[in-house]
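First the structure, which I've put down as structure tokens, then a few questions once you've had a look.
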Amino acid sequence: MELLALVLIPFIAAMLLLAFRPAAMARGIALVSTLLSFALVLWLWYSWNGSMVIGVSHDWVPAWGMRFVLGYGGIGLLMLILTGLLFPFIIGTGYKQPVGDPSLVNALLLFCQSALFGVFLAQNAFLFYVFFELSLIPIFFLLMFWGGAHKRSITIRFFLYTLLGGLALLFSVAYVTLQTPVPHSADFTALAALDLPMNVQVWLFWTMFLAFAIKMPIFPFHSWQPETYTMAPTQGTMVLSAVMGKMGLYGIVVFLFTIVPEGALHWSSWVIGISLFGALYAAVIAFRQNDFKRMIAYSSMSHFGLMCAALFTWNAYGISGTLYQTLAHGVLMVCLFYIVGAVAQRTGSTDFAGMGGLKTKMPRMALLFMFVTANAIALPLTQSFVGEWLMYNGLWQWNNWTAFAGVALIVLGAIYMLYAYQRVMLGPDRAIDVTDADDEEHFFLVPLIAITLLVGIFPNVILHVVDGPVQQLLNSFTSLP
Amino acid sequence: MENVMTAIRVVPLEHYLILSFLLFSIGMVGALVRRNIIIVIMCLELMLNSVNLLLVAFSAYHSDPGGQVMVFFIMLVAAAEVTVGLSILVLMKRNTDGVDMNILNRLKW
Amino acid sequence: MSALILISVLAVLVLYLGLFGNKSWLAPIGVLGLLGAIALFASGWHIDHHLMGGMVKFDRFSIGFNIAMVAITVLIFLFGPDYYARAKDNVAEQYALMLFSLVGGFLLSSYTNLLMLFLGIEVLSIPLYILAGAKKNSLRSNEASFKYFLLGSFSTAFLLMGIALLYGLTGSFELTVLGEHIANAGSSDMLLNFGLFFTVTGLAFKMGAVPFHFWKPDVYQGAPTLVTIFMATVVMMAATAGFFRLIDVTGMPGMLAQIMVLLVLATLLVGNVIALRQTNFKRLMAYSSIAHSGFLLLALLTDEGLVEGHGTAVGRTLLYYTFTYSLATTGLFILFTIAKRANNGAEHNDIFRGLFAAKPWLALCALAMLLSLAGIPLTAGFIAKYQVFLLAIGAGWLKVMGFGVLMALLGIYYYFMVVRELFVRPDQPVTFVVSPLNWLVVSVCAVAVLVLGVWPSLI
Amino acid sequence: MVKLDLLAILVPALPLLGALFIGFGRRKLKGNSAGMLGTALVLGAFICSLILFLGRDGQTHIVHVFDWIKVGTMDIPFAFQIDALSLWMMLIVTGIGSLIHLYSIGYMHDDPRVATFFAQLNLFTFSMLLLVMGANFLITFIGWEGVGLCSYLLIGFWYTTPEFNYAGRKAFVMNRIGDVGMVLAMTLMFYTFGTLNYVDIMDQAGSFAPSNPLIITATLLLFLGATGKSAQLPLLTWLPDAMAGPTPVSALIHAATMVTAGIFLVVRSSVLFELAPYTQDVILWIGVATALFGATVGLFQNDIKKVLAYSTVSQLGYMFAALGVGAYSAGMFHVTTHAFFKALLFLAAGSVIHALGGEQDIRKMGGLKKTTKTTYITFLIATLAIAGIPPLSGFFSKDGILASTFQDSPFAYGILVFAAMLTAFYMFRVLFLTFFGSYRGTAHPHESPKVMTVPLMVLAVLSAIGGALNIPHIFGGHEWLKVDLGTAVEGVLGEHMALSASTEWMLMALSTALVLLTIWYTWTLFGKKTTLDGEPADMPFLKRLIAKRWMLDELYAVLFEKPFGWLSRNLFGIGETKVAVPLTVGSGKAAHGVAEWLRKMQTGNTSFYLFGMMLGVVVFLLITLFTA
């Protein structure tokens, strides 16, 4: 029941916002609802017994295997934690960096959260797909209404591009559903049970992978991402990069690894290849970007490349590392884009040209940014380090040379992040009057940084959530040829 | 009655087929190439009648009256259809004072 | 049977009322009669009725379709008073003609005999020829009716040729005989192939399948909006039902499968692609209906004829698809009329600008219906498309389906072009005048679309 | 035992507390309070480690704090390893560290961001302690990266000067290049041994045959990390630039402690290196080359701190040469003494710079021995020590290295002796130009305050008598340090001096004589200088090359920096804006184009429609006919 509540709380809150348009209190209501759902997530976490939990299970249209099944295992739980943890902050961003009519914006964000909870709770492929697409609609309007330059064309392109993947996924879902014995069932359990012939898995892998590759995005499917991130309002960018991208990784685990494992195994080298290439490609590009936000967008792409590559290494370190990193990356992205927004708010644009030498005027913001940068370049005792360390181990066990390519990222990452830090904060003082980070911004960033450090120092808190499930996943692989 | 059947059966079925196909084609081509709507409608009638011929032939060869019943229905409906068509034509003549096929082509693309 | 008679009598009654010249009674009486017809149909739900010496069969499929058609007609009639508010005369005739044409629809959905197929199509079409030209002194309306008439009778000729050939093959107009013949004698016979092909041509014309689609955009644009609604919904449903009736007996013998595949591909391509460039909303809807008929044809393609059980699935899919499509279309066209009046007669897509600012609820309704047409989850349109997916994949038409997926993507694009307009602020403020009845109809359509999308098993 | 755990945790905890407290209270802390606090805490850490040191029992103690990473079969505890090696390094770090903290109170006195400075200095001490105390590679790596960050922050401490920021970034990125090796080495070792704990790895290593490819790869990768941190060829160009930071930073980080992390790492994993003779050769020759490189470049530098920086590079080269021949104790011994005298040199130089109000160019100094007496004397002692004049500490440590390299490869020995002569030359050049002759500058020199001179004196004493730690047998000593380290480091006790006493005497005599000769020559050149003639226009090519630091920076700029920037710009300019995005946009445009073309079919002419329909029929008929 509480699982249903998790989906409904944001939905109802959003409906209330739409109905009453309480412009003044809108953010407050949204914040309360997100905190409520976060509390619920924490309770789920606390009461989790380490096995698969099925909360709701109703028939929807049995004839087509459509069933309304909500549940979560360790991996889903991690995603719930991610969503629950980050959305209060994403909503909170609106206080300092407001866009448009608050009740409308927050309603859209809450709809998005509801859909995302649905995605991570769904235990039925069709249900997963439904939420997968629904999460897109609010974002579409968020971007369409309050985007930056060329919002119309860029939004439509982003929307169609992601929908292309979505339809491919729908196609696959319909296909696999029909492969199940009559009465058909699209439950993940049923789909995992069926053992598709190799030649089918080989093409089915791509029709599914396309959706997730576009969602993250990784290299050849990324061309929507930089412009969209740059153009979108801060909150939209946060949702896209911090949470929605993770649907791709999660989908890979629940779809590719369970339904077409042999196909996935067959294509692993290819996927790792393109992902790592994309990661390096994006990291190199990020170095010379002249736009702060776009630079962060490329860095996010680089991280996703690494995560996707590590996910396909088929060993505990790669997969656990990636799952752990989803959380780290989410927190990181929220921090970074918040700082981008805060600085751009003061200097008037996200262009590096207008920045530099801000540290003299805003030392506290500089300190916060330095903490975040330390996380971004994965210094030990920050969250990202543990994830990257595990992923490098995974890559090494897959193939030494991929590990070399992956580890090269720690150099590239340092290059572009420190260069960005210098271009924003360091250098001779500018003759522009900017105010230092105020208490509200501290109230936003400090908790996130605290989480970054705490989880970096005690990573087992998160790792023990995914450890067991990942082992089970790997055991299911051992049956593979 | 019976002798009519035999009379029809004198000609082999293929010939009926070919003839009606020819008529049908003539009607079709006529409808395509002519621009005067009256003539086009007549061509359409020709096509329908070729079908009638075919039906009659078949019904004779199958010695089944259904075909001929169908013919009557066709004639009836065709009559109604042409009535409507002509009235539309009259309306058109009134509006554009022309009976050219392509005089009305405001609706396109 | 009784329903048929009831509707026909109703039509005559409406005509007579027209003589006394008070329009206010027409719609209510029409609606009452239609509701009665629904009741009659519903009463016959459990047993199959064979009428007219077994040339017509009211089984569940046809009854379902008939009820759906009547229901949509009710919605249209409810829209009528507002639409005809400014028309002076011939209102009664138009209601009556729609009712007659509806009878044709009944025949199409329930014939078991090719003769009835022919009659049905004609009874359906001939009133439409007139309706399309209802605006006597509007050249566009005139052109629409003329084109529709000419092309229609042209295709009728083909249909008849096909029927004749099939008759020549079997010596009977009974579908069952035809089906048995195919089952026994196989599908090598040229007569059969040609016959089926010509018959299908005639039906494909009514559905607006490429290359028999030319009439659709022009007629939709030229005809009075109310008639356009009727054509886009009831006629579409009737034609689909008729098509299904035939295919469900014959299946896909011989060359028919290939031809159908070509039809599907061409229809999906042309419908979706051309729609990208449409700026006139009525034309846009015309092309979108072509695109949808492409999906319907795809569903038909998967029917295996007399094989037991499968046909019902296809039939249900078709019913669900056409009905939800009709709901969305009706609502959208009503909103279109409202917007058109607000923008003094413009038909361009951007007449919807500012709808969200002025009438949020209606804008959300429009959003729901557009999403449904585009096939976004939790709307009926999505479920409908998904059923077609299932059918096509189940029958193994994977590549065709893949093409369909791409085309569906294009579809989403042009529907969202309209969605965008809903939320754009207009240059100068626009005032939308909405009569409560229209508001009700639109809301019903939108809500129905959503409800059917969440609980598809209702149909 | 509890006491040991407590102390061991206290040692890094105190500086960490300092960093946090000073860092977050930096607005509250007025005047010297921040400095006092920071110094006190580091001093406390020093006392703790002293207690630990005195109470040591030659055993290896593992202090398990908590489980850090535990997933799958990977179990990496957050634990400290307390043995002779780590204790020794802890003493150096905290001891020298506290002295330099004390010194900084005076040096940074008038800087507005003094509190930040001390916070970062304490943070550095914490990281360095983690580095040396870590019980497994990953804990060491925490400190490894931590010191890198602090060095980045402190080099760019005066952040308003773009060059300084660049220097900081350069230092960090070059260290990161080394870290690639470090991380890969760790993954490889985890893959091989299934653990990263030093103790376990050293145990298991015994089961591997010498020059096992896995071990060689691991050691080479580790050494790559070491070269980055310890500024060996080819990753050394960051160290001279790092002098941009405040002088105490240069003393603590870039002379005494951080740069010796590489040596520590090699000594810590000596077992592996013992198994990889190939790697040892690489280390030896890189060390020798670096020693020579640093010494040569030092010759013609005019910035006093730059000279010291290159001398550091060169001395680190010595240490690695020692490690290359397996003389770990000699290496560690030199680490120690070098920490003493090089820290002293930097602090003294700092005191000079302080005296001259920020002037760093030795050409604008001179005759300071009268005005800044203490500084002069301490600087002199340090110079003698580094030059290797008996009986100062440098003599013993350097001699140990020279001797052990001689028995391994006389050629390397020759180069190192030559480098020693060069060392003497440039050090005394600095000494003479700075303190002798007459003042050539404009400022008003004055002796530094006590708070700065006291550390100088302490360090002077240490660098004078530091040699006593490890007096070789031929002087009747017992090589105390070697014995002590032997309890912790494999292979130290295995080092045996195969040379006969006479050979050793001869070598010592030779090197000492040569050095003295050089000093005399330097005196003739610079001793009496009152004015300095600028560089002669026609320097010989070699000299110009050396003066330009062998063009290494320029080389890297051409080889790496510029191409990377070019790549970055063009991947975006071409790969993204010209290919990726246009492709997506183009597909949309293509669809529209097709649409525009297709809709022309809808001509509006009824005859055409009829024709189209008939055409369709005919096409389908043909298909029906020909496929039938």
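In order of appearance the chains are A, B, C and D, and numbering begins at 1 in each one.
Criterion: a residue touches a chain if its C-beta (ideal position, glycine included) is under 8 Å from a C-beta of that chain, and two chains touch if they have at least 3 such contacts.
What you see is a predicted model, and the numbers here were worked out from it, not measured in a lab.
J.: Can you give me the shortest step count from chain A to chain B, moving only between touching chains?
T.: Shortest path length, in steps: 2.
J.: With contacts counted as defined, which of the two, C-D or A-C, has more C-beta pairs across the interface?
T.: Result of the comparison of C-D and A-C: C-D.
J.: At what distance in angstrom does the C-alpha mean of chain D lie from that of chain C?
T.: Chain C and chain D have C-alpha centres separated by 79 Å.
J.: Averaging only over C-alpha atoms, locate the centres of chain A and chain C and give their separation in whole Å.
T.: That gives a centre separation of 43 Å.
J.: Report, in whole Å, the distance between the mean C-alpha point of chain B and the mean C-alpha point of chain D.
T.: From the centre of chain B to the centre of chain D is 99 Å.
J.: Distance-wise, how many Å sit between the C-alpha centres of chain A and chain D, to the nearest whole number?
T.: 37
J.: Touching two or more other chains, which residues of chain C qualify?
T.: 146-147, 150, 154, 217-218 - these are the residues of chain C that touch more than one other chain.
J.: What are the residue numbers in chain B that touch two or more other chains?
T.: Answer for chain B, listing residues that touch two or more other chains: 28, 31, 101, 104-108.
J.: Give me the residues of chain A that touch two or more other chains.
T.: Within chain A, the residues that touch at least two other chains are 160.
J.: Taking all chains into account, which pairs touch?
T.: Going through each pair of chains, those in contact are A-C, A-D, B-C, B-D, C-D.
J.: Going by the contact rule at the top, pick out the chain A residues touching chain D in the complex.
T.: Listed in rising order, the residues are 157, 160-161, 222-224, 226-227, 281, 284-289, 315-317, 320, 357, 359-360, 370, 374, 379-381, 385-386, 389-390, 392-393, 396-397, 400, 403-404, 407-408, 410-411, 414-415, 418-419, 422, 425-429, 457-460, 463-464, 466-467, 470-471.
J.: Could you list, by residue number, the parts of chain C that touch chain D in their complex?
T.: Per the touch definition, chain C meets chain D at residues 146-147, 150-151, 154-155, 158, 188, 190, 193-194, 197, 201, 205, 210-212, 214-215, 217-218, 254-255, 258-259, 262, 270, 273-278, 410.
J.: Which stretch or stretches of chain D touch chain A in the complex?
T.: Within the complex, chain D contacts chain A at residues 66-74, 138, 141-142, 145-146, 149, 152-153, 156, 159-162, 165, 169, 172-173, 176-177, 179-180, 183-184, 187-188, 190-191, 564-565, 567-569, 571-572, 575-576, 580-581, 583-585, 588.
J.: Under the definition above, what is the set of chain A residues touching chain C in their complex?
T.: 60-61, 63-64, 129-130, 133-134, 137, 141, 144-145, 152, 156, 159-160, 163-164, 167-168, 170-171, 174-175, 177-178
J.: Which stretch or stretches of chain B touch chain C in the complex?
T.: Touching chain C from chain B are residues 13, 17, 20, 24, 27-28, 31, 37, 40-41, 44, 47-48, 50-51, 54-55, 57-59, 61-62, 64, 66-67, 69-70, 73-74, 77, 80-81, 84-85, 87-89, 91-92, 95-96, 101, 104-108.
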